[in-house]
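By written order: A, B, C, D, E and F. Residues from 1 in each chain.
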Amino acid sequence: MNKPVSRWPVPEIADLPEDLRQRILDVQARAGFVPNVFLAFAHRPEEARAFFAWHDALLLKDSGTLSRAEREMIIVATSAANDCLYCVVAHGALLRVYAKQPRLADQVATNYLKADIGERQRAMLAFALKVCKDSGSIAESDFAALRAHGFGDDDIWDIAAITALFGLSNRMANVLSLRPNDEFYLLGRLPRDNKA
Amino acid sequence: MNKPVSRWPVPEIADLPEDLRQRILDVQARAGFVPNVFLAFAHRPEEARAFFAWHDALLLKDSGTLSRAEREMIIVATSAANDCLYCVVAHGALLRVYAKQPRLADQVATNYLKADIGERQRAMLAFALKVCKDSGSIAESDFAALRAHGFGDDDIWDIAAITALFGLSNRMANVLSLRPNDEFYLLGRLPRDNKA
Amino acid sequence: MNKPVSRWPVPEIADLPEDLRQRILDVQARAGFVPNVFLAFAHRPEEARAFFAWHDALLLKDSGTLSRAEREMIIVATSAANDCLYCVVAHGALLRVYAKQPRLADQVATNYLKADIGERQRAMLAFALKVCKDSGSIAESDFAALRAHGFGDDDIWDIAAITALFGLSNRMANVLSLRPNDEFYLLGRLPRDNKA
Amino acid sequence: MNKPVSRWPVPEIADLPEDLRQRILDVQARAGFVPNVFLAFAHRPEEARAFFAWHDALLLKDSGTLSRAEREMIIVATSAANDCLYCVVAHGALLRVYAKQPRLADQVATNYLKADIGERQRAMLAFALKVCKDSGSIAESDFAALRAHGFGDDDIWDIAAITALFGLSNRMANVLSLRPNDEFYLLGRLPRDNKA
Amino acid sequence: MNKPVSRWPVPEIADLPEDLRQRILDVQARAGFVPNVFLAFAHRPEEARAFFAWHDALLLKDSGTLSRAEREMIIVATSAANDCLYCVVAHGALLRVYAKQPRLADQVATNYLKADIGERQRAMLAFALKVCKDSGSIAESDFAALRAHGFGDDDIWDIAAITALFGLSNRMANVLSLRPNDEFYLLGRLPRDNKA
Amino acid sequence: MNKPVSRWPVPEIADLPEDLRQRILDVQARAGFVPNVFLAFAHRPEEARAFFAWHDALLLKDSGTLSRAEREMIIVATSAANDCLYCVVAHGALLRVYAKQPRLADQVATNYLKADIGERQRAMLAFALKVCKDSGSIAESDFAALRAHGFGDDDIWDIAAITALFGLSNRMANVLSLRPNDEFYLLGRLPRDNKA
């Protein structure tokens, strides 16, 4: 009854180049399942490697003032603006887990102005959504609004780059009709999810 | 830390006119909590009564070919188009419960074209979203598309009227900044929710 | 040559439930004709009753600072934004009558920024149109702009609720292809109309 | 109480160059009043002459299959799309007079899909509104749709040119905040208007 | 391989009325080629005359503070917003020639916020683009923003009228599918072009 | 007078990690200058590497039916839709060089429907622009339209991925306010450019 994972063929893990195979086995060991994006993007290994490298540079870094939860907020808000089911569901799960707030992802995806976040996060998402929808109009006043909330130049690059990278990912996921794993829908919604 | 239920004062249940008080106690007995929309709209009893009467006429009817789950799908899809957090969360819960599909509401709210629904539901939501966003352009061809999927004239009125009523509700909820009850976020996501 | 009143069957007055029949006879006695919305909506009596109850609660109230003419201005401006012929024509007539300004409705329907209204009304219509078109972005600054013109919380609810209710009505009228009565087009345009 | 005729100074008729003075006296003799556009545009005589020459070439011609009423329909529909109060009111009056249909202008200005016009006029206005709003996408299929209703190449140029010329006029009238003469609002609405 | 000059027949120069023939021979003598707009618009001599008269009144005037290069900037920016290939290419060439800046036209056509222009020009183009896209919302604050940069009332009329006239021209060029002369693409890009 | 290359600091080539330094020296040797994107993105070496890897995988591949010129067409058309000056200018140059058509880039950037391209390219760009602007609505019918022109599944992924990658690049370039090198503006416009 369910739709397929992707409009393109999805490789068997065993058939993948060693580096991608290992990465996928690692995420499977950690998460308990293989997020479909790994399999669907691995249809083209070189592009998959570039995506994962960029992803890691922006999400796994430990410099700057953006928390991991804030990075996931950016992804959820802009993926919703891009109508991307996979990214809203998968990164919504990650946002719940990192923020330890089981209701935050649904709020940010639907209307961040109503979400339980602070002024700092609101400014961050306003900037991200402008980069997402109308980057050609980004002006000095937009930078000033972020600086007023303590964001530095490295943070601003991060906000823009996360928005831009997942804008890429949203478009690919939409064209592939990438199906979210069932597991993501519930992840981070129950108290025990947030223990680890 | 949470935002208030509404920008306007919310009445005490005990202070409400008897008919509204009874309705609220009934829903509380059935659901285990009082959905905030009852309290927030009861700030103006006459308008609340009109809303509930209209709501019941469209959602509790047992004629026509639309299932209750399909009616909730319409609400979720159009409320997402109207950026209404309360309605997406509350009716998302009802959709999960009535459809017994724990992932359906997130799909319909994000991008119904990617949802696990059939061609009939897809045509229904395409019509509803056109009524929601550009009702002035509704044309004979839109009616023909619905009839091709077996929808009769009464069904078509239902689809339009549910869209229109919740368009009203979305606007009020957005202006009130109506806060969804925490309970809705999880409702219908776990196997046991669907037993009853 | 004229289009029919509605895409759905229109009941005979004599066949209607007594309360709707009486209401229609009353309006006919007062206006000299039966506005088509009464007949078209009466195709579904329960929904018609809810609409009239809500309508009366918002338009016939005598509390708050909004004049009846201002309430009709909101309806005309937002109905034009929703491309609703019936409501622009019918409520344009009412606006002319209540404001005793025969040119006001055409101005408000076409471009309220050019209308012969004051700053207070301009702020009111700016808010109403934002509720109409982008209610999810309504923010504290929008409330502040209204308060600066003397609107209180009850007035603001009224502005939002009138916009929302007629947004519902606009969508239904567009889907029904509800035909305005010929009488409305001229009503309030001649000096004698404004005598009563 | 009324707004001024234009944001720019409006010349005295007596001070105008002879050709413009004569044209204005002629229209005054015929209509009984001087439409404000004549005075406001005459602030710059050369540009006014170009406008009137173009206007006459497109509206006073007697070749092609477009009736004068159809030409005015185009102006009313596209001026409404451009939110131009002056042109909707002034050409709405002309449309009523030429079509001898007192309700047609309000219909065409609000939503031409609901107007009492035929399929031919509907196709004509669909093309005009596309030229108005998205001329860069005009394609062969748009020409074919017009030809199917009997419009020839000269007619199609007329439709496009009327739309384009009044798009110019709409923008100038909006920037000037050009005030419609009070007389236009009622013109053509009463039976006697249509006698002449 | 190239597309034709226009969707409508293009007259032979020898067959044109004397005034248009002379104007075209003059421009050919000066430019070295006949810009296609002259031939395509001359399909209708009266309308062509009106266009050229208006064009000359706005572009060849020597009063006001707008330089010829600034006038061409307005045309390029608004023609790009209207997706008009002919005007972007032809007036882009003129902008390069008058401004003696070989890269300016590509910048203004793509995103004027990134162009090598000053604050004055930026304010001018912001106003022009608002007239182009949403003239119904032009307000006192827009005039104030221009006056703060030293633009007088005559300049403001010029900015609006150039935008409006070329909005007309853009729509006609798009409907005609007017083909830019090959010569325009390179004009003003090389150092020698700017000598004269 | 010129704007800086980027809002962020631009590294010295000598200070770059060896792989990036070598890549930049290579492109400099080949092109005669260092495109600013190399320097601006190298502010963050890891992200730069990911971009170049992805870029190479999509643009330097020799499988599939898309020519290099067609790949550049996609970049130019979608970068124009995203208002990205850098990418329109830089990839416009590459498009001219690869297609050996000095006027093609200006056409594709302004309005691809008027460009000297075939039906195949038109279908390709229609799909790319839909991925760019509304990827959530991509449907089976969009795939069918491409297949009708001989595009295979690998080509379709290429079109989508090039659009998505440069959508990322457009957003970053806009946020960085990345300045195009002067050399790009003229590249490929003169006969000799196309010799190599």
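Throughout what follows, a contact is a pair of C-beta atoms (placed from the backbone, for glycine too) under 8 Å apart; a residue touches a chain by one contact, two chains touch by 3 or more.
Predicted, not measured: the structure shown is a model, and the values here were computed from it.
Looking at chain C and chain D, the chains that touch each of them are B, E. Contact with chain A and chain D alike is made by B, C, E, F.
The two sequence copies chain E and chain F touch through a face in which the numbers common to both exceed half of the numbers used overall. Once the centre of each chain is set as its mean CA position, chain C and chain F turn out to be 52 Å apart. Computed from the mean C-alpha positions, the centre of chain B lies at a distance of 45 Å from the centre of chain D.
The distance from the centre of chain B to the centre of chain C, with each centre set as the mean of the Cα atoms, comes to 25 Å.
In whole angstrom, the spacing between the mean C-alpha positions of chain A and chain B is 28. Each of the following residues of chain E touches two or more other chains: 83-84, 111, 136-137, 174. With chains as nodes and touching pairs as edges, the resulting graph is of another kind, matching none of line, ring, star or complete. According to the touch criterion at the top of this document, the contacting chain pairs are A-B, A-C, A-E, A-F, B-C, B-D, B-F, C-D, C-E, D-E, D-F, E-F. The touching residues of chain A, counted against chain F in their complex, run 7-8, 43-44, 46-47, 49-51, 53-54, 57-58, 82-84, 131-132, 134-138, 143, 153, 156-157, 160-161, 163-165, 167-172, 174-175.
On the chain D side of its complex with chain B, the touching residues are 111, 113. Within the complex, the chain E residues that touch chain C are 136-137, 139. Chain C meets chain D in the complex at residues 1-3, 80, 83-85, 88-89, 92, 102-103, 106-107, 109-111, 114-116, 174, 177, 179, 182, 185-186, 189-190.
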